[in-house]
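Below is one structure, written out as structure tokens; comments come after it.
The first chain written gets the first letter, and so on, giving A, B, C and D; residue counts start at 1 in each chain.
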Amino acid sequence: MAELTYREAVAEGIAQEMARDDRVVFLGEDVAAAGGVFKTTVGLLEKFGPDRVKDTPISEQAIVGAAMGAAMTGLRPIAEIMFSDFLAVCWDLIANEIAKTRYMTGGQVSLPLVIRTANGGGGSFGAQHSQSVENWAMAVPGLKVVAPSTPADVKGLLAAAIRDPDPVIFFEHKFMMATKGDVPDGEHVDRLGTAKIIREGSDLTIAALAAMVPKALEAADRLSSEDGVQATVVDLRSLVPLDTATILDAVRKTGRLVTVEENPRLCGWGAELAAIAAEECFFDLDGPIVRITTPHVPLPCAGELESLALPSVDRIVETVRKTVD
Amino acid sequence: MAELTYREAVAEGIAQEMARDDRVVFLGEDVAAAGGVFKTTVGLLEKFGPDRVKDTPISEQAIVGAAMGAAMTGLRPIAEIMFSDFLAVCWDLIANEIAKTRYMTGGQVSLPLVIRTANGGGGSFGAQHSQSVENWAMAVPGLKVVAPSTPADVKGLLAAAIRDPDPVIFFEHKFMMATKGDVPDGEHVDRLGTAKIIREGSDLTIAALAAMVPKALEAADRLSSEDGVQATVVDLRSLVPLDTATILDAVRKTGRLVTVEENPRLCGWGAELAAIAAEECFFDLDGPIVRITTPHVPLPCAGELESLALPSVDRIVETVRKTVD
Amino acid sequence: MAKKRGSGAAPADPANDDIGTETRLRMYRTQLTARMFEKRANDLFLQNLVKGTIHLATGHEAVAAGFATAMRDDDLTFCTYRGHHHTLARGAPIVGVLGELMGRECGLLGGKGGSMHLTSVEHGMMGCYAIVGAHMTIAAGAAWSAQYQRNDRVTVCFFGDGATNIGAFHEALNLAAVWKLPVVFVCENNLYMEYTPIHTVTAVEHPAADRASAYGLEAVIVDGNDADAVLRVARVAIERSRDGGGPALIEAKTYRHGGHSRADPGTYRPKAELDSWLARDPLDLYRARLLEFGVAAKALEAMETEVLEAIDEATEIARSAPPPSPDKVEADLWAEGGAAWRN
Amino acid sequence: MAKKRGSGAAPADPANDDIGTETRLRMYRTQLTARMFEKRANDLFLQNLVKGTIHLATGHEAVAAGFATAMRDDDLTFCTYRGHHHTLARGAPIVGVLGELMGRECGLLGGKGGSMHLTSVEHGMMGCYAIVGAHMTIAAGAAWSAQYQRNDRVTVCFFGDGATNIGAFHEALNLAAVWKLPVVFVCENNLYMEYTPIHTVTAVEHPAADRASAYGLEAVIVDGNDADAVLRVARVAIERSRDGGGPALIEAKTYRHGGHSRADPGTYRPKAELDSWLARDPLDLYRARLLEFGVAAKALEAMETEVLEAIDEATEIARSAPPPSPDKVEADLWAEGGAAWRN
């Protein structure tokens, strides 16, 4: 085990796969010579050379379009879209072309590609550089959607995404880059579509993703010590495929579900989880399903406002207190 | 009362507002000389002239960008995006600029604009010309979202959208264009954010939108005559603002909620409704909340497959039967 | 700006023929097949056996024939929803194309894509795309892949005049030029978008060619109704690209004989304009040229009969083919064959 | 291609002055304010009083001064996240700009937008936009609005060299050209995008000017470090636009003295390149010109002191201003003042 930062784990995951398979190529803005604006791809150009690690113009449509064209002709490209907000700039290529082409062509065309992007808020970057848009991707059939919360998961899930034969949108949380954690030595490949129970408790289930995972965990610990309330915490890790088996099992056991997401209020993945639970394990529920989200507003910039808008440990604790009351 | 088609109601709604307010201008592809590819804007060029009714290049970003720039400087533009699938092409302008600017600028900038677009499937147009993407818009804070199901609502809600001081995404269902209905004579202006109970019943509530409304109604009638099951049917009409008062009131009275939507399975507005109900009137529910959706796939083209994918009257009837069992 | 106009349009000179009769007959067959196919597709549409919408390329046949003929079998084609002609020209079976339009299981895509998304990877037809412009970036990617794999393939990407004003056009051309990708972009300029004349919404006269210099490319305009002229220009551009010369941008002037799609009678077009283009029908022009070059009328008639028979036969097969089976709704979203979003 | 290079760069000739000392002093003050503001913003960032990210325009001041001076008070400015200089140049109060960077209630946007979104409608500053290229289409719309309302306003839209390769650039320029909109597009070409040199990813040498002909526009390149040169070019383009002459596209060559944002030390830039540009610091150049034109050094020093005092004062006010009140989280999404998505 080596201790890595979240950002180092990105580069390690990519490097592991590029070393293994020369069909893996990588393109994006400022990713090669500069090593990425989040310094997630430092060293790749030096290791794999300019044919495989390519700086692009500011042309998001061309970046993901090129990845798609390369994927359908034998390569396994990784495209970086610098901030997840900019997925909107190339949303047509992602939602209308990449997501649909295998299905539309009756399976003729394979698109083994990964689009990596920096997601999420928390650093006063303002409304156009702080969004959590994993729900946008989840809403489009044909995309796999992954969002890790630890360096080990970053590396293992990224490797799995690169090996996956289908398009994966890989959300890295931009304000977790400096967090550290142990990462298995040697080749590390995880499995898409698997959630992780990271804490067990009998009173309720808290489902969280990415930066909300450590907050949910901290809230669960406080609830335990301050209120004697025991929460199971599920790190979803992957939204598509969704590990409904693990999630619903936890909900059935605890009788309650609380979701904690950075998505704005409406149509987030929390709504999807709530809807699934309300349909599939209604009779196991002891009370309302509660969603903790960013309110349905763009993210404000000033630190004081931004931290009110994003779900906080306090808000989780207080909401759960009211819920299990 | 005059009987109009859905498509005629579009032109009437626009004409009513253009005649009243010369700040209302209209732009889009093939909308002026040709009267729109769905013939929804026939006659507007002749009535209001080429300064107010403008054919654009195939430049969706420029179309909605121009609408935004015009709206922030005193006009009240209506932009047409021919098929709602193409919202993806200009999603950045819609989701990142139009939706956020008033909030980000602390209220300095007003954006009274409407983006009209042809939404929905049912005519073998294939996966890139048949999507229902009203959930994309609903997921973005700062957009109002409207989707009428009758000619009267088309006219009245479009007029309301044009007069609204905020950006409205107005989804017209492309396969309802030829449907007919009575439309009030003279000026007709409806209210955004109001759902309509179009059938009352005590056994369950069916929430539907746009083309799913007549299907829900037909299913409700069959359930009544064949099974003696009485459904309340709510035509949502508007997703943002959402008339939760009317919807939850119906759910409370009937104890059951079934949603019928064209959105693909994940993160549709049905999930949002289910989540709201599961949180806010959990103890009034007599059983699981059930969503009827398009499966989570792109829409297939061949008629046989497309009609299996879209929610049908039969599917609604059968699902409800199982639900209230 | 170094613009080449009418490049490749050498006057017909049987004594000094750079193309040869065999190739010309192949090109005539390609054009015939496309033309007769479109007529059949239209008939089937009117009989309600083709649903949804179709976009006929009647009038554009010479572009397809010229390029397909200049391409190597393993070269790649990308085109738009108006792509029947290119799909057939690359060798996809008629029954597969017709079956797809009719939504049958025997369709190229099993009925799941429809007329706007024809694809036949085995014939190098990498897809018809229905969102204007997007596919140009995808074509650039395919060319990047060929460059990386050093497999010598050239990608040819067709698009309409209307596509020249959308952002993806700009991004694709710049990327292709910067990376010197082996891709030939071909604008089929038929003067119209859906119903709106391209000149009313474009800042320059030649929507593609006048943009070439913005990417450091040469402006090339060719008579898109003359398959020989197209072939000559195509050969030069494709071989230059294959040899590492980077991308090309070619504007082929042509005209669609009918409306934009089956919903459109095309009445917005001035009669004189329509007539002048009908008088330059690529099929008529080419037939006359073949006769001029000494091909016997009989041989042409025989070919015409043959092609029609092939289309008749395909029609019968497609007509009696079953629709896709219901389980296809939830098939082939993922590489494992299914469509599950959960475990 | 009709390219004008160095337009407006008449040699300084005090005897035959087309600009005048008063205007020059105004332009110097504008540049000084921008320069000293950026220095202060940087200091406050290092003290952690400015959070998030900021993009300094140190080195770009002459572009802002030249254009703002050529504009009428009711003309409109659109620019990028690198927009402090333009915002100040249009007359927005220093305390409002600084307050916004510091996330205070007294910020131009009440702290809700941050440094990348500075907007002051009352000063014609219609916004800084943080998604590359998008605002160019919005600026076209503002110009369309002015054309429709016949109010004679001109819109000036600034963008970076990197923006010239994104789709929205292409769409905005074509629409503006076709509709002959009163908008002047100004590329601040500082040779770099974030960390990547623009020439490595662009198919032409002059990323904006070499694209002008693609929209039927004249290519204009100006020394963006010489406020007089910028002013001359700006006046011509703005007045042409105001008189119905349609859009203009101007490439101003300049350089940022620091990194892309506060996260970037800018070490990827060759020392010789940096030095040569620092030697052409627009402030130094302009100060020297003023002296040459007979302005007393004392007067300049007085102005320098004045500007610094104004910035000091604004700093104190902003520093002691409160953060936005918590209820602002759910305010001003809608015109009625709130943010409710339900009834």
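Methods note: a residue touches a chain if its C-beta (ideal position, glycine included) is under 8 Å from a C-beta of that chain, and two chains touch if they have at least 3 such contacts.
Since the model is a prediction, treat every value here as computed from it, not as a measurement.
**Student:** Averaging each chain's C-alpha atoms to get its centre, pick out the one most distant from chain A.
**Tutor:** Looking at centroid distances, C is the chain farthest away.
**Student:** When the contacting C-beta pairs are counted for B-D and for B-C, which pair yields the higher total?
**Tutor:** More C-beta contacts join the chains of B-D.
**Student:** Averaging over Cα atoms per chain, report the distance between chain A and chain C in Å.
**Tutor:** Chain centres of chain A and chain C, defined by C-alpha means, are spaced 40 Å apart.
**Student:** Find the geometric centre of each of chain B and chain C from their Cα atoms only, then give the gap between the two centres in Å, rounded to an integer.
**Tutor:** Centres of chain B and chain C (C-alpha means) sit 36 Å apart.
**Student:** Mind checking the centre-to-centre distance between chain A and chain B? Centres are C-alpha means, answer in whole Å.
**Tutor:** Inter-chain centre distance comes to 30 Å.
**Student:** Would you mind listing the residues of chain C that make contact with two or more other chains?
**Tutor:** 107, 109, 111-113, 117, 129, 131, 134, 165-168, 171, 174, 178, 200-202, 328, 333, 339, 341
**Student:** Do you know which chain B residues sit against two or more other chains?
**Tutor:** Residues 56-57, 59-61, 85-86, 88-89, 92, 96, 103-104, 126-128, 141-142, 240, 265-266, 295-298, 300-301.
**Student:** Which stretch or stretches of chain B touch chain C in the complex?
**Tutor:** So the residues of chain B in touch with chain C come to 29-30, 33-34, 37, 55-61, 85-86, 88-89, 123-129, 265-266, 295-298, 300-305, 308-309.
**Student:** Can you name the residues of chain B that touch chain A in the complex?
**Tutor:** 85-86, 88-89, 91-92, 94-96, 99-100, 103-104, 126-128, 135-136, 138-142, 240, 263-272, 274-275, 277-280, 282-283, 285, 287-291, 295-298, 300-301
**Student:** Taking the complex as given, what residues does chain B use to touch chain D?
**Tutor:** Touch residues, chain B against chain D: 25, 51-52, 54, 56-57, 59-62, 64-75, 77, 92-93, 96-97, 101-110, 112, 141-142, 165-166, 193-194, 240-245.
**Student:** Enumerate the contact residues on chain C facing chain A in the complex.
**Tutor:** Within the complex, chain C touches chain A at residues 76, 107-113, 117, 119-121, 126-127, 129, 131, 134-146, 148-149, 155, 167-168, 171-172, 174-175, 178-179, 328, 331-337, 339-343.
**Student:** Which residues of chain C touch chain D once you look at their complex with the stated criterion?
**Tutor:** 1, 165-171, 173-174, 177-178, 200-204, 210-211, 213-217
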